[in-house]
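The letters A, B and C name the chains in turn, as written, and every chain counts its residues from 1.
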Amino acid sequence: MPAHDVLILGACLAGQRAALAAADAGATVAILSKVHPVRSHSVAAAGGINAAINPADDWRSHAFDTVKGSDFLGDQDAIEVMCAEAPDEVLHLEHIGVTFHRNETGQMDLRAFGGASMKRTAYVADITGQAILHVLYEQLMKYHERVDRYEEWFTTSLLQDEEGNCTGCIARDIRTGQLEVFTAKNVILATGGAGQCFKPTTNGLICTGDGISMAYRIGAPLMDMEMIQYHPTTLVENGFLITEGARGEGAHLLNADGERFMEKYAPNKMELASRDVVSRAEQTEINEGRGVGPGGVGIYLDITVVPKKRTLEALREIVNIGKDFAGVDITKEPILIRPGQHYIMGGVKTDVNGATPIPGLYAAGEVACVSVHGGNRLGANSLLDTLIFGRRAGEHAAQRAAGISMPEATPLSRVREESAWIDSIIDRPKDGRRVSEIKDDLGTEMNRNVAVFREQDGLTHALETVRRLKEEAKTAYIDDRGTVFNQDVLGAIELGFMLDCAECTVMAALERKESRGAQYRTDFPERNDDEWLKHIDVSRNGDDTPHLSYSPVTITQWQPEERKY
Amino acid sequence: MKVAYWPGCVSRGFTPELHGSMAKVAPLLDIELVELDRACCTGAGVIAEHNQELADTLNARTFALAQQVQGADLMMNICSTCQGAQTECQERLDANAEYREHVNGTLAKYDLRYEKDNLANKNFLWVLVEELGLDELRSRVKRPLTDLKVGPFYGCYIVRPTDRLGIDDEKPRDTYLSLVIEALGGTVIEYAGMQKCCGFPIITMNKEASLKQAARHLGDAQDADADCLVTPCPLCHLNLDLQQPLAQRHASRALDMPVLHLPQLVGLALGLDPKELGFQRHVVKPASVIDWSTSVVAGVGDEGGAVSARGW
Amino acid sequence: MAETGKPPESYTLRIRRFDPESGAAPYWAEHTIELEPHRSVLEGILQAKGRFDGSIGIRCSCKAAICGSCGVRINGQPGLACHTHIGRAKETSRDGVIEIEPMGNMPVIKDLIVDMDAVHWKKVQRVTPWLINKEPIPEREYLVDRESMVDVTQTMACIQCGACVSDCLSMEVDPLFIGPAALAKAYRFVGDPRDAQQYERLQDLAEDPHGIYDCTHCFKCIEACPKGVAPMNQIMRLRRRAGSDHHISDRNNGERHEAAFVTLVKDHGLLWEAELLPRSHGGNSWFGKFAPKAGLELADSLPVITKAMLRRKVTPMGALKPHKIPSADLKQVQDIYDTVHGRDERLELNLYITGYDEDEAGAQEPAAVAASGGGDGGQTAAEGGQPGMTPEDSPTR
């Protein structure tokens, strides 16, 4: 039975960074992921990573942009940590081999990004996330004797001892169907977001909120769950992400009248206002009949204004996406986009070391809510978030491990219980609904009523739907009776995770009766600092229903002010 | 049709029957061959591997020579590898004006210059389908290859990469051998190895792997009941025919698979004497194609004329 | 133009199924699904999985050709299921049914899922796949050429999907071949100016009998790669660096073969095959054929040589006397060699970086070889050649 000082669940950027940091700090480390690490969804982050590495820049400027981007809901102590440590982290990445693109003097080149007051986004073409993820995996291969990798293992539950400490997890070897207990002094969740609650989404099929739900189920509070980011540029055809880097390189947004409508909404930053602002502007144009394309459901993203050579070099991925998935040569004609679900600002509540209120349980990356993103995340801050807090969690967990002894082995009865639960899903009679149908219904409902614009009735409808689906999920059946790569049964478990996340999101959105960041209530269109400058925490009641409470926003240097771009 | 003709090195070296059979076949198809006898080796990818600019400049010189041939409709080669190596250089030369000028700068002192958009460079196979046309080819057949089961073997350089070679729905060049075999009255034998590698490029580096590749494809063709293979690539011919006695060791059985050059197959159907086509030069006797005892082309039906057996 | 708004159509998928627990052989299962033609084959498979049979095994996540999970073979061609339009897949199918199989060259675990660890990842681990830093590590970033980082980004763009491994023809006969993906990964370090051990890496890969010289140059990996990594090109660049930059004379004859080839063409304008093989084994000079290694090779090839002689395919004269191009032309060729070799830096045009010039009218299909009329002497010589029956008759002799 494996036992480690630090057990990391999920091998995304945050997870891999945590593993390397914990190993460097002398801990015994295992990293476990339901997919091969390079398949993790960090791979899809395109545009870049923010850091004030330009000597003319200052991390405080980066921090202020982030605070403003968050619509003042971000915790400023955490934002300060992230932005102050950003330059060293990015230089560290450069040193271990990330192929950051250079300027003519051989230094790292920086590109403009939304909501930023200067160019501070380091990048590798438009595959920055992929480049960093693969370089970290290179390092994991280098560390192959120091970090145990469990690739294609699916965690089904977190383990807790009687004092409430997190002591490991139970996971299923996807290749054999075998259940195994992983004992650990510390568990770091790096399982990513829950975009699959929405349809369409830019998120991969693996982004099913596993860690959020598992932590929630053992009592960890979630925070800012109502804050769902809709990315301004996703392909109308199929919801694919078109990187913000495109606008960073100078691309325009045009409505049906050929007008650069962002003039009306963000006269200074135009297309490079924060994502919530741009998405809302686009949706307004579409709703008011100035959309383009079939049914007027889209907006034109015009990349032809970027020099072709630059597009081919720096935006290669979207050249291909345009060609392959939309039949459009983006160097010659505009491409049809619209806002699409992209990121969740909320997650498992942590401190600046990634520690959750449950001893021994950490979280980093999209699964976590530190909260550095508050009401709205700035582009190119997510990669930074994963790396800074992944590293900090790894280091802190290693440190904590040095002072405590290995938890006692979990009794076998607990494994049998888990095994019986999974078998019961496999054995369900085919008289309920199909898992895939319930998932579709969930995504459609969330995207209809918990999207860019929200209001009481829609949210209430969404809550009713989610609760009905939760009931239906209890009897949903699957086809696969096997043990080897039974993705079907894992899908049923994931559906449960997603429904937990969705329920918390809808309840928090109903609760927040104001408009801030990504939460725009048409019935409460103003930001209301007097009543709502606070986080909404969601934790689980004994009876399986979410319980809401509040926690204060940490303000250090920047008082809330009107937010204009 | 008048073509600037590049025969390549091997067709004048180890596979002389290729160059020879092309010369015999051309007049029957009204193709006038103007041999580019001043041009040098394409490098077969090896010179490019050594130094890209060197390969590009040498081939640009060849293209420039071809462009000087008065009244030629196009440039033609009879070697898949030449086709691939040249097309790769041409792609680079055509893609970038600055680079093209740089290369032309080197050629300037020989009064040579490669002009973009002014040189269609096609393998004999493509010429047959795209320039001559299959109907025309069919109409010239004197001795249809009835009942002859022919396995096509393309050679890598003429089927990949598809975009560089201009292979698409309009020009499915990776199916042309089958079309030609059918037009000549033969039966196409499809087998796993048709578009795979003969193994020749690594014969000096990993002989075993190289011969295993040849053996595998020859064996697959045999299993699919082919009488013979046909290839537009003399290098493939070296590995499939010349090396067949060695390749056979890796097949654990007798292979005995004749391999024809494309012009030989065409020539046979156009009524040429097998000897004129140089069949006697093959390591594996084309016994299934030619009945050696009676010297009659086998399986060609009633029209098949007797062919003298003198000398072979 | 954009392809939105096309109505859904019916597609039949024929999926290769394999259940390792059943003890039964692989079999085909067909499902008919409805999708718009511009949707992907992966979406088709997921629909079949969602609506009809949840037990169909396929790895997938991003659906956008970036995570590299869904490598499969569609109608025999390797690629990403999410990166192949379903309408297009139907067009390229043999019988209107889209055939989906697991990738090749790797063992199948279940249905469309193959064991990448056993093959692909093992090979990646083989090439020391991490940066070995040049010392001292600078306080800030390494200062490197702008182009160098764009250049290695081509290999960094590899998503480790295994499509190239699936189709590798060298691996098909030599499972130990390091293979296209891992060698492309190796170039990512050899081409990275921050790496301290480029020579050691190259020597390692050149000396390995299953290393860079085991690639058979078949272009399969270039064709298979959904990300434009062009692994074979990277392998050729590894060879170029090993041979030309570091003069690594490997035991696999790789460097000698290249040197012999290049020298023979320089000396004669055309390839002299009879000399190429012995020199590749014995060394790049006329004396190469007398080296013991060349002798061994000669002995091994004796059956072939005897046959070739018997058939007059190869004549003693032909083997001993090379064919050449006219001396004035040979001089030009040699002059070009000297000019290019004399450059300070080797010029390499990577179309991945530079892209293509804007299309001009008529760029697609060149019409004909028009006589440019400029060349004086060249013309007559070019006009003069009519090929004869045998090389002896040919004017090039």
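Convention: a contact is a pair of C-beta atoms (placed from the backbone, for glycine too) under 8 Å apart; a residue touches a chain by one contact, two chains touch by 3 or more.
Quick caveat, the model's predicted, so the values are computed rather than measured.
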Query - Identity of the most central chain, Cα criterion - result: C
Query raised in the report: Comparing centres built from CA atoms, which chain ends up most distant from subunit A?
Result: B
Query raised in the report: If you average the CA atoms of subunit B and of subunit C, how many Å lie between those two points?
Result: 21
Requested in this report: Could you grab the centroid distance between subunit A and subunit B? Build each centroid from C-alpha atoms only and quote it in angstrom.
Outcome: 56
Report summary line: When centres are defined as mean Cα positions, the distance from subunit A to subunit C in whole Å is 38
Report summary line: Multi-partner residues in subunit C (2 or more other chains touched) are 355
Query - In the complex with subunit B, residue positions of subunit C that touch it - result: 91, 169-170, 172-174, 177, 209-210, 213-220, 222-223, 236, 239-240, 243-244, 252-254, 257-259, 261-262, 265, 269-274, 276-277, 280-281, 300-301, 303-304, 307-308, 311-314, 318, 323, 325-326, 329-330, 332-333, 335-337, 339-341, 343, 346-349, 351, 354-357, 360, 362-363, 365-376, 378-379, 381-391, 394-397
Report task. Quick one: which bits of subunit B touch subunit C in the complex? Just the residue numbers, please. Result -> 4-5, 7, 9-10, 12-17, 19-20, 22-24, 33-41, 43-54, 56-58, 61, 64-75, 84, 91-92, 94-97, 99, 102, 106-107, 109-113, 115-120, 156-157, 159-162, 169, 196-197, 199, 201-210, 212-213, 216, 242-243, 245-246, 276, 278, 280-283
Report summary line: Note: in the complex, subunit C contacts subunit A through residues 1-5, 19-21, 38-40, 49-51, 53-55, 57-69, 83, 85, 109-111, 113, 116-117, 124-125, 129-131, 133, 137, 140-146, 148-150, 152-153, 156-160, 188-189, 192, 194, 228, 353, 355, 358
Report task. Note which residues of subunit A are touching subunit C in the complex, please. Result -> 35-36, 38-41, 43-44, 53, 91, 94-97, 99-109, 124-125, 127, 130-131, 134-135, 138-139, 141-142, 144, 151, 175, 202, 204-206, 236-238, 240-241, 293-295, 308-309, 312-313, 316-317, 320-321, 324-328, 333, 335-336, 434-437, 440, 478-488, 491
